[in-house]
Each structure stands twice: as C-alpha cells, then as structure tokens.
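In the two complexes that follow, chain A is the common piece, with chain B as its partner first and chain C second.
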Partner chain A sequence: MSAPAAAPLPADQPALLLRWRLPLLAAVLATLPWIAPSQALAVNILIYGLYATGFNLLFGYTGLLSFGHAAFLGAGAYGTGIALARLGIGWFGAIAIGVAASGVLAVLIGALSIRSRGIYFSMVTLALAQLVYYIAFQADDWTGGENGLRGLTVSRLRVGPFALDFLNPVVKYYVIFGFVVAALWALSRVLNAPFGAAIEAIRENEGRALACGFDVRRMKLVAFALSGLVCGLAGALDALHLSIVPIDTLYYQTSGLAVMMALLGGAGTFLGPFIGAAIFLLIEDTFSLWTSHWQLFVGAIFILAVLFLPRGVWGSLIAWHQGRRA
Partner chain B sequence: MNSTATDPGRRAVLGGGLAALAAPALLLRAARAADEPIRIGFPTPLTGPFGAEAKDQVRCASLAVAQFNAAGGLNGRMAELLVRDDKLNPGEAATRTLELIEQDHVACIVGSLSSSVQLAVNEVTKARGMLYVSISQSDTITEASDFGRTTFHEALNPHMTAGAVARYVFRPGMKVAILLADYAYGNEMAAGFRRAAAAMGGVEIVLEQKHPFGAADYSTFLPRLRSVKPDVVCICNFGRDQANSIKQAVDFGIKRLARIVVPVLLYNQRLAGSADAFEGVVGGANYYWTIEDRVASAKAFNDAYRAANNGAVPSDYGAYGYSGVRLMLEAMRRAGGVAPDAVIRELEGAHYDTCKGPETMRACDHQAIQSVLILESKAKSAMTSPADLFTVLATEEGKDANLRSCADLGHKT
Partner chain C sequence: MQLDLIAVQLFTGVALGAVFVLLSIGLSVIFGMLGVVNFAHGAFYMTGAYAGVFCLAVTGNFWFALAAVPLLIGALGLGVERFLIRPLYGRGPDYPLLLTFGLGYVLVEAVRILFGTDGMPFDTPSLLAGGIDIEGLGYFPAYRLFVIAVTALILLLLWLLLERTRYGLIIRAGARDPEILSILGLDIARVWLLVFGLGTGLAALAGLLAAPMRSVNPEMGVAVLVEAFVVTVIGGMGSLLGGAIAGLLVGIVVSLTALWMPQMSTISMFALMTLVLLIRPQGLFGRGLSR
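== the complex of A and B ==
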C-alpha cells in the first residue's frame, strides 16, 4: 500500500493525551462561541472539524486517501434536507435519515473503490463522488439543482416537552456541539478498540496485516463506512445550521477541503484534523474581512505550513513533545 | 437568629445594588441604539468570476451610503456599509449573512450576485424577519415558495429581460435557436425567450442546445446551431461564458448567418471581450450610462460616481448596488426608523426613482417593475470613447403586463 507520504505518524502518542484528548477538545469547544469571531463561524468549525475528523479515520488511520468525501457530507446534508423539506419529517428523524443515507452511500462507494489502491483508489472515489454530484444536479425536483435545496429552516427544536429556539445562535451551537462531541466520543472509542489498532496495521503494512490474519478488505470497508457515517452527520448538521443545502456541498472542492484541513492540522492524529479545520476557517474568515486579496495570504500560510510543519500543526507539536522526552 | 434577620436585608442590598448598576447600563444601551449607525450588510462575490461586477457594486453602494449621510442620515443617525466577500458560494453567503445578523446587528441585507447565492441569503433573512434587497437576476426568488415578506427584488428577472429582448428582436415567421448554459440562469433565460415567442405567435424555436456551465470550448455545439439555419441565435449564459461563446460563434460564422442576441449585455464583459466579436450583438440591460441624456436621476448618479471615481462611469450591475441600498435607506427615512414592519409598509407599492427613471415595487411579490434597455454593441470605429460601448436601440418601459402575474407565481391575490 502506497500510503500518502505526509500522512502516517507513529501511533505512540503520549498516554496522558490519549486518555484526555476528548475531554480536552470538548472543553475547548465549549468555550468556542465566545472565542471565535462569530457564533456562525464557531458552528462551522464544529461541523468541518467533524467532517475532517471523519475523513481522517480513512486517510490518517487507515492510509486510504479518498478524494470523494464530499459525497458523504452531501448525502448527509441532502438526506436531512429532503426529509425536512420534502417529506416533512421532524428534525431528529431527518438527521437519522441523512446519516443513514450517507452510510449506505459509503458502503456502496467503499465496496467499489477498495478494490483499487493508491492513486487509483483516489481517482475512483473522485469519479464516484462526481457521479453523485451530477445526479444531484440533474434531480432538481428533489434537490433544487443548481439553486440548492431550500425550505428546511428549523426554527424550534422539540425535545420531549421542551422547545428550543434554534434561531438563537447560542442554542444552535450547543445542540450541534452535543452531536459533535457524541460522535467524537464514539470515534475515539472505536480507535482505542482493537479495530483501531488493526486499521493502523493496515496503514503501516497491508501485506503484513494480511499475513497476520486480518481480514483487510472487510476492515477497510468498515473503516470506509464509519468514515462516511461521521461525515454524513457533519453534513446533516450543516443542513440544519445553514437551512440550505448548496450543490457545492457535493463538489470535488469540498472533498479537497477535507484533505487540506487534515494535512494542515496533522493527519493520523485524533485532534489534528479538528485543529486544522479551525485554523483554516479562522484564517479565511479574518483575512477575507481584512482584504479582498485574502487568497494570497491564505496560500502563503499554507506553503509555510507544508514547508515547516510537514506533520501538520498538531502532529508537529506531538512530535516535538516526544523529541524532548526522548 | 440574627442571620435570618439580616438575610433579606443582604438580598435587598445586593438586589438594589445590582439594579442601581444595571439601570444606567440599560439606559446607556437604549441611548446607544438610537445613535448607533444603521448598518447595512452587503454580501457580494469580491473574489471569483464575477469579481469585476461585485467591486463596482461596492463602489456604487458606498456612494448611496455617503449621499444618505451627507443629507443628514435618519434624523442624524448615519448609515454604514458592511461589505462581506461571499465568494460566490451559497454556504459562505449563508454563514456571512448569519454573522451580519447575529454579530453585527445589521438593519438590513442588500446584495449577492447569483441565483443560488441570493436564494441562500434569502432563506436566512426570511426566517429571522430581516429585510433583504436582492440585486441580481432570479425568477425563483419572487415565487411564493421562496418569497418572504421581508424579501425585495430590485434587479430585473430573466422573464422580464429575455421577454423585452425577444419582443424587440423576434418577428412572426422567424426561426430561433437557443444556446444555453445548463444551470438556473441559462434555463430561466431560455424559458423567458420561449414564453415571449409563444405569446407573440408564429416564432419557431428550432433548437435548444445546452452547454455545461463554465465551458471553454463551444466547437461541438456551434455546428448544430449552424445546421438549423436560424434567423436569430439567443445565447443564454453569463460572465466569462458569454465572452467565450460569442467569440467562438463569430469564428464559426454564425454572425453572418443570424442575428446574435443575449438576454443581458454586460458592460464589464464587453470591456473584457473585443469590440469586433461583440459588434452588432443585441441584448438587454437594467442600466447604461448614456441614458443620462434623458433621465435626470441617471445624470445625478453618473455625476456623483464620476466625482468619486476619477471620471469613470458606473456599470449595469453597479447601478443595482446603488439603487438597492438607496431604495432601502430612503424607505427607512420615510418610515422614521429601521423597524421591518414600518419599512415594508413604505416599500410595498412604492413609486421611486433612484437612478434609472420611475420604478414601482409591486406589492404582491416585491418585484421592482422597471424599464429594460435594449442595447447594441458598437463597432470599434463608431466608439467615441473607451466607455462608449453600446447604442441604446429602445427602452421598454416597465409595466405590470411584462411580469409574470402574482397568481402565476403562486401568491394569493
């Protein structure tokens, strides 16, 4: 398996960090609405952080570079949006439908694409995701086509006897925060389980993993499906957040975004992609407020990050910490 | 025992103290709201293929704000324009709009420059009761399913634009071929031509050829257009696609065979393209600077723009930026405040003239009824200055009959 050069990182992160990574992230995220420039941006960080983390399960941990993860973000978003706008299903059911749709799509695309390896795997995922894009583009009775899906604004969330004002940015943030932390907790458990070790074994040396008796193909498919589910949840939450589903959600640039965020933060680390997403969105937001030539500065920062922090911001921090202890 | 006696006292002291602290803060806040500037959120695609149009919209919108402030504002309350780059991306635009509403506490949103982006902004504003003036073309935004009572559409829409061009160019017995970009804009414009042809009668649409959005090469589509021997070729695409397809159509000899017609003839695209390729192309526009010869408000707008921009003239989409912001600020001034209900009352059915002559804001769907200019691109030899690009062939004055009826749009009448 020709794993991407920059991605893998020795798994032996400090044990303390391993145990506390989730509470640490949750604590930082809980204060985010008051640190970030705006609450809308804070919600975006949650959603894209989850998206990049889901992508990283496949890229950083299993060593499979997918260029088609926009399909899962989009399936989650459109599944939720169509359930809300066209089928009139409640918000919780709509999220479930979105995540399920994304899971089914991930199994389909995964089953087809894991037959190939390396660059071919990336190309197959890209091609299949573009297929999904064009289907959504043409099926405008269901998806709204190029205009995007509208009419799915949720203003009140009914939770048992309570009704939450979902238009209130703080309420919205903490509802989405709840979903994101739950998903990250589940993901963290999966990675700490033997399954997590097994997919890392596949990443390090697929031949040896096979020789050790691992069912490599099944492991890859399960990792693919899990990754799709997490990204689908991110998409579902995005639909609720923005109250629209733009067709761009499915476009290949959205797939590229996950790769960039994971690389920027540190692929193969649990917190890295989340940090990458936060840095990316914060830089973009601040610089585009400041100058219309923001792309120039964002590009320069990327080049610097790739040159001097090849393991990503968080990955390099961990490596530096380990180097000091050794 | 003593402690129980002191408890209420302590509470009273605490409560009283808090109230004493809070009262001036609340008063201060109320006072501040009155002299806080009227913030106008302006999402627009500064980066991306429509950057040139967007930058001119910002210049024109700033001009409208400066004029409002110079005239004393709203009883001394000044206006402020908050420009945000929406990157021509609906998701980005929705996020920016949320920020403008939640963080910056804007009084209204004006802007966005594509069908999908304006629909995204509209979805956010209408759920929050926020005033929104859309300043780019869309037939969808005034339909009942997308319309909200705070939604106003100051731009022309494809039905009006293509309709006006078709009424000017089409004659019974003509054969018409349509080349359209396969996305909302192209499809809505093509539908506008089709409806106008049907209403006129005797005009035959012989071919509708779709091309993908952002196509660079039209050589596979143009021979089909030639082969049906049309009298008129309608090219329904926007921005760079327009310049590319017209240039290649000319290379394929289509211009010798038929009249090339576009729904919207863009000032900036003509500047980016060449006079030779565009020569004789006919299209519609909301604004062109030479109407100042007969429209006083256009003269005033052009003069103010020239003074602020070293003698340059405003573009068509720039004029939307000006009229959208000015329309809203004047309604606020008339309403004596920024409360949405009062402003909506001032806007519905309003007759106004910001920069292009009389307009009316139709009450049922909040579409601005306005004139459509029919322009023809000049030959290089006929241009007297670099800004002298078009001849105004005709002006179709705005009237209700040229719009789809509110019943058609799904509104209760």
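== the complex of A and C ==
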C-alpha cells in the first residue's frame, strides 16, 4: 500500500487537441452567454471553471490532492473585497492585491503541507484551510465575519480614458472572460514548459523524479503557489461579480467543490475542469429548481463518477479516442 | 486564576477529548487496515447522533440507544464498505477518499430530508443529569464523567481485542501485510469489512455521546471531521496510542484556551497541529512517512 498517491492517469492527448486546447476553450467560453440557460450560470462557469483549473494544476498534474483550496479562492475574494471596500483602492489594484494575498497564503500553506505526503497531505490542507476560515470568522472588523464582506459594488471600470459599465451583464461577462483567458494562456504555457513535464513526472513517480535530480520539494511548492494564484484570481473575479464575499467562500464545501468539478470533468486534462464545472453547475441549476435537496443528487452523481467514470467526462472521451486509434 | 476554574475546565477538556479519541480511533483503525481516509467519518458521527434522537423518540430509553446506535450505524458502514468501497481497492488511496467525500454529502442531505434542517434538542439522560460537587475544586457534571468512563472502557476493550485475541492478531497482521495474510488462507476482505464497520460504529457512538454536550444538527459532522483529522495528524496516523493521547491533548488545549482567550479556542488546535507538523511531520506517534 506504499503506492504513490494515484491521481487519475490521463491518456496521452491527441497532438492536435494539445495545440488547439486554448483557442478551443476560449471560443466555447466566448459563446457561452448565448448557449448557457442563464447569464448568471455562464459567469459562474467562467469563475468556477478557473477555480477548478487552478486546483487541477495541483491535483491532476502534480498528483497532490488538496482539500483546502477554498482558502485561496477566499483569500483572492477577501483580498480584493477588503482593498475595494476598506482601503478604497481601484478595481485593478484590488484584483492584484487579492491575487497576491492568495499567492502569499499558498506559499505559507504549501510550505507546511508538502512536508506531509499522500493522504496526510489532504488532511493537512483541509485543516489549514479550516484555520483560515476560523480566522476570517473572528476578524469581523475586516472581513464582516459571519455576515460576509459587503459594500464593494463596482459599477464602472476605469481603463485609461475609457470607463466600462460593469453593471451591464454582457460587459461584465467579457471583462471576466478576458482575465480568465489570460490566466489560462499563462497556465497553458507553464504546462507546456519543461516545468509542466517535471510536475507530471512527480505525479507518476515521485521517487524517480527525485532520482532524476529534480528538486521535488521546490517544484511542489511552486506548483502549489501557482495553483493558489490561479484560484486567487478566480476568487477576486467572484468578489467583483457578486459585490459581496460570503464567509462560505472559505468553507470546507468550497474546497470540495473544486475536487468534484475537476474529477467530474477529468483531472489532469486541460479542458476537464471547465467541463466539470459546467456539469456541476448545470446539475445544481436544474435540480435546485424542483428540490432544495439537490446536494443529494450531486453527491450521488459524484459517487457514481468515482465508481464508474474515474477519468471524468473529458478524460474518458480522450481515452476512448485513443483506444479507437490504437 | 483560581484553581477550581482550571480544574473544571481541565475536566471539560478531558470529556471533549474523549469524543475526539473515539472519533480519531475509528478513523485511524480504518486507515491503518484499509488504507482508506474516511471523509464520511463526520457524517457517520452525525448520523449516530440522529439515530440516537430516533431511538429516544421511539423507545425513550437512552441505554437502549447507547447499545443500538453503534450497531445500526456499524451495519450501515458494512454496507458502504461492501458495495461502494470494495470496488475501489487497488486504484490508489485517492479514490476511496473521494467516494467517502461524496457519501458525506448524501448522508447529510438524507438526514436533512428525514429530520429537517433545524437542530434537534437532546436531553441528558435523567440518571446522569446531576453532578458531583467537590469542595474547593468545583462542580463536575455526571454525564461528562460517564462519557470519559465509556471512552476508557472502549479503549480497554479495543486494546484487549487487538492485543489479546486471535482476531486482533489477524487484524494487526493484516495492517502490516495483507498479501501474506491471504496467502495464509485468511479472508482479508472479510477482515476489512468488519474493521470498517467497527470504525463507523465508533464514530456513531461518539456522535451519540456528544449529542447532549454539543448541539445536534445536520452540519455537526463537518467541524468534527476536521477536528478528528487534526487529532490524527497530531497523534500520528494508524497509531491507537497516538490517537488517544492526541485526542485528550487537543480537548484540554481547546478548553484551556477557551478559559483564557475565548476567541482563540477554535484556532488553538490548528496552532498545535502546525507546531507538531514543523517538528515531527509524521505525528507524535507516527511511524515515518512511508504511506
């Protein structure tokens, strides 16, 4: 039972898809407001897709199952919210502060939790994220405590000489879209770089990666920090979108959300987390119309996915495609 | 600071710690044997408390509930292992973890459907309603003494089971090398089944015992799952002694911080965990990081 923590093995992806993954995803996301059942759902897919993608960098690519990513989504959201509502900083600076706060937190939590391995890692990340939750809960002068952080409505975005009407849902969507695509572009570059290959080597066999001369600890920490930065951006965008930061952003369930979305779509694939986020949010949207107990269905579907579709929807499609060609 | 205040708070800490001990030992036994981190452990704890509410409503007898609840939820655990977790062996430790996480969702929602989303009252059984007043030292509620006694008894029984019986020998051998055990002709799948049932039964017992002390609601399992993890990380995964000592330690630390710095009491256990991680990443009684 000393097997390395086994993240789902993604099949080798078709080269064509590998090259076009970013334009493909950007194109789908650009048309999303017209395909999705509602505007609100489209924005949520954008934000939570980015959140799950950031998580996936650590889980799917590096093989570290974190149960504490709510801390980074929350740090991004609270960082941005506090900068806007308490410090009166402009929207762009506020996003930068949120992302930076999340990065710093990720380095702190990462440095502590990568001291432990495998299953221990999941427990430690969960516990540390819960600590962040309790701290935010207590520090209500800054965070608003139980009621969440309010009063950060941004109605106009100043960009040089122009001002964008952020209350217009279409403008709002495409502003957030711009940030998400930029982050995905950066992430795609990182995954294509030697660093991307190295973290996948750590996932496949940590001992071997170490023997090959990689500084495994440092790479894990860098992956953790990058993952935190991406999730922090998702949090910052969520704060701008909602105009409030609910305390639940930091809760255990939010960490689980990233896990469920990444696994449903396909961990270790680039498009998987977005597909997972879309599936999850669609299920929530559909079932919550006729029952308040929609979580029962989400839980059951997740259990079925773990049992019968461990590669997730997108991962299974890729594997099926490979199988047909072989 | 008066001595009596500290004594009473220390006692409260030990009672709280007793619940942690039961929880983390169930978690630890399951992990030690099956290599599964049970993320539904908090949900089983919560179901235990609700099964207690149900038993009390039907029979009105706390002692009956005390005997029936661990058996009932233990049986539920047997079903979960047999039909949901068993298909996942050999796929790496992440999958059972993810599955039990989803199971936690389902259990919480099922309880919400059956009992409603609001909290439930759970009275201290009348026989244990009083307390003992020690002159100059303070007042000690009988129910908390009872919780401590039951936990001590369970620990003793578990120790006897593991160290002094044939079954214990099989369990310990299975934790070390399941393959050899099956080569020797023992049905390892059955051992795993029973161990999972035992672990969930212990979680349910913890939930029932905690019900009169902490509130009963569908979300009660979430906080407690994290607390059990903290205890297990501090004590060292797979170590019974570690779980017992760390459980008591965390209980005492939490209630003593509640005395001096009330707003820090939920945070103190995490600080303790961080400290242990920095000094001994494998936990106080852990055996290295091989897993």
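Annotations
Convention: the second predicted complex is superposed on the first by the 298 of 326 C-alpha atoms of A that agree within 3 Å, B and C clash if a C-alpha of one lies under 4 Å from a C-alpha of the other, contacts with A are read in each partner's own complex, and residues count from 1 in each chain.
Basically, a residue touches a chain if its C-beta (ideal position, glycine included) is under 8 Å from a C-beta of that chain, and two chains touch if they have at least 3 such contacts.
These figures come from a predicted structure and were not determined experimentally.
Using the contact criterion defined above for the overlaid structures, shared-chain residue A:Gln322 touches neither chain B nor chain C, since it reaches no partner.
Among chain B and chain C, the chain that touches a larger number of residues in chain A is C.
Of the two partner chains, neither chain B nor chain C is touched by A:Thr31. In the superposition on chain A, A:Pro169 makes contact with chain B only, not with chain C. When both complexes are overlaid on chain A, the residue A:Pro310 reaches chain C alone and has no touch with chain B.
When the two complexes are overlaid on their common chain A, residue A:Gly256 makes contact with chain C while staying clear of chain B. When the two complexes are overlaid on their common chain A, residue A:Gln295 makes contact with chain B and with chain C alike. Of the two partner chains placed by the overlay, only chain C lies in contact with A:Arg117; chain B stays clear of it.
Taken together, the two structures place residues 295 of chain A in contact with chain B in one case and with chain C in the other. Residue ranges on chain A touching chain B, taken from their complex, read 37-41, 44, 145-148, 150-151, 153, 155, 167, 169, 238, 242-244, 246-249, 288-289, 292, 294-295. Residues of chain B that touch chain A in their complex: 46-47, 55, 84-85, 87, 89-91, 94-95, 98-99, 102-103, 115-116, 119-120, 123-124, 127-128, 140, 145-146, 183-184, 213. The part of chain A that touches chain C in the complex is made up of residues 1-7, 65, 112, 115-120, 122-124, 126-128, 130-131, 134-135, 138, 252-253, 256, 259-260, 263, 293, 295-296, 298-300, 302-303, 306-307, 310. Those residues of chain C that touch chain A in the complex are listed here as 31, 35, 37, 84, 87-88, 91-95, 97-99, 101-106, 108-110, 112-113, 178, 222, 225-226, 229-230, 232-233, 237, 263, 266-267, 270, 273-274, 277-278, 281, 289-291.
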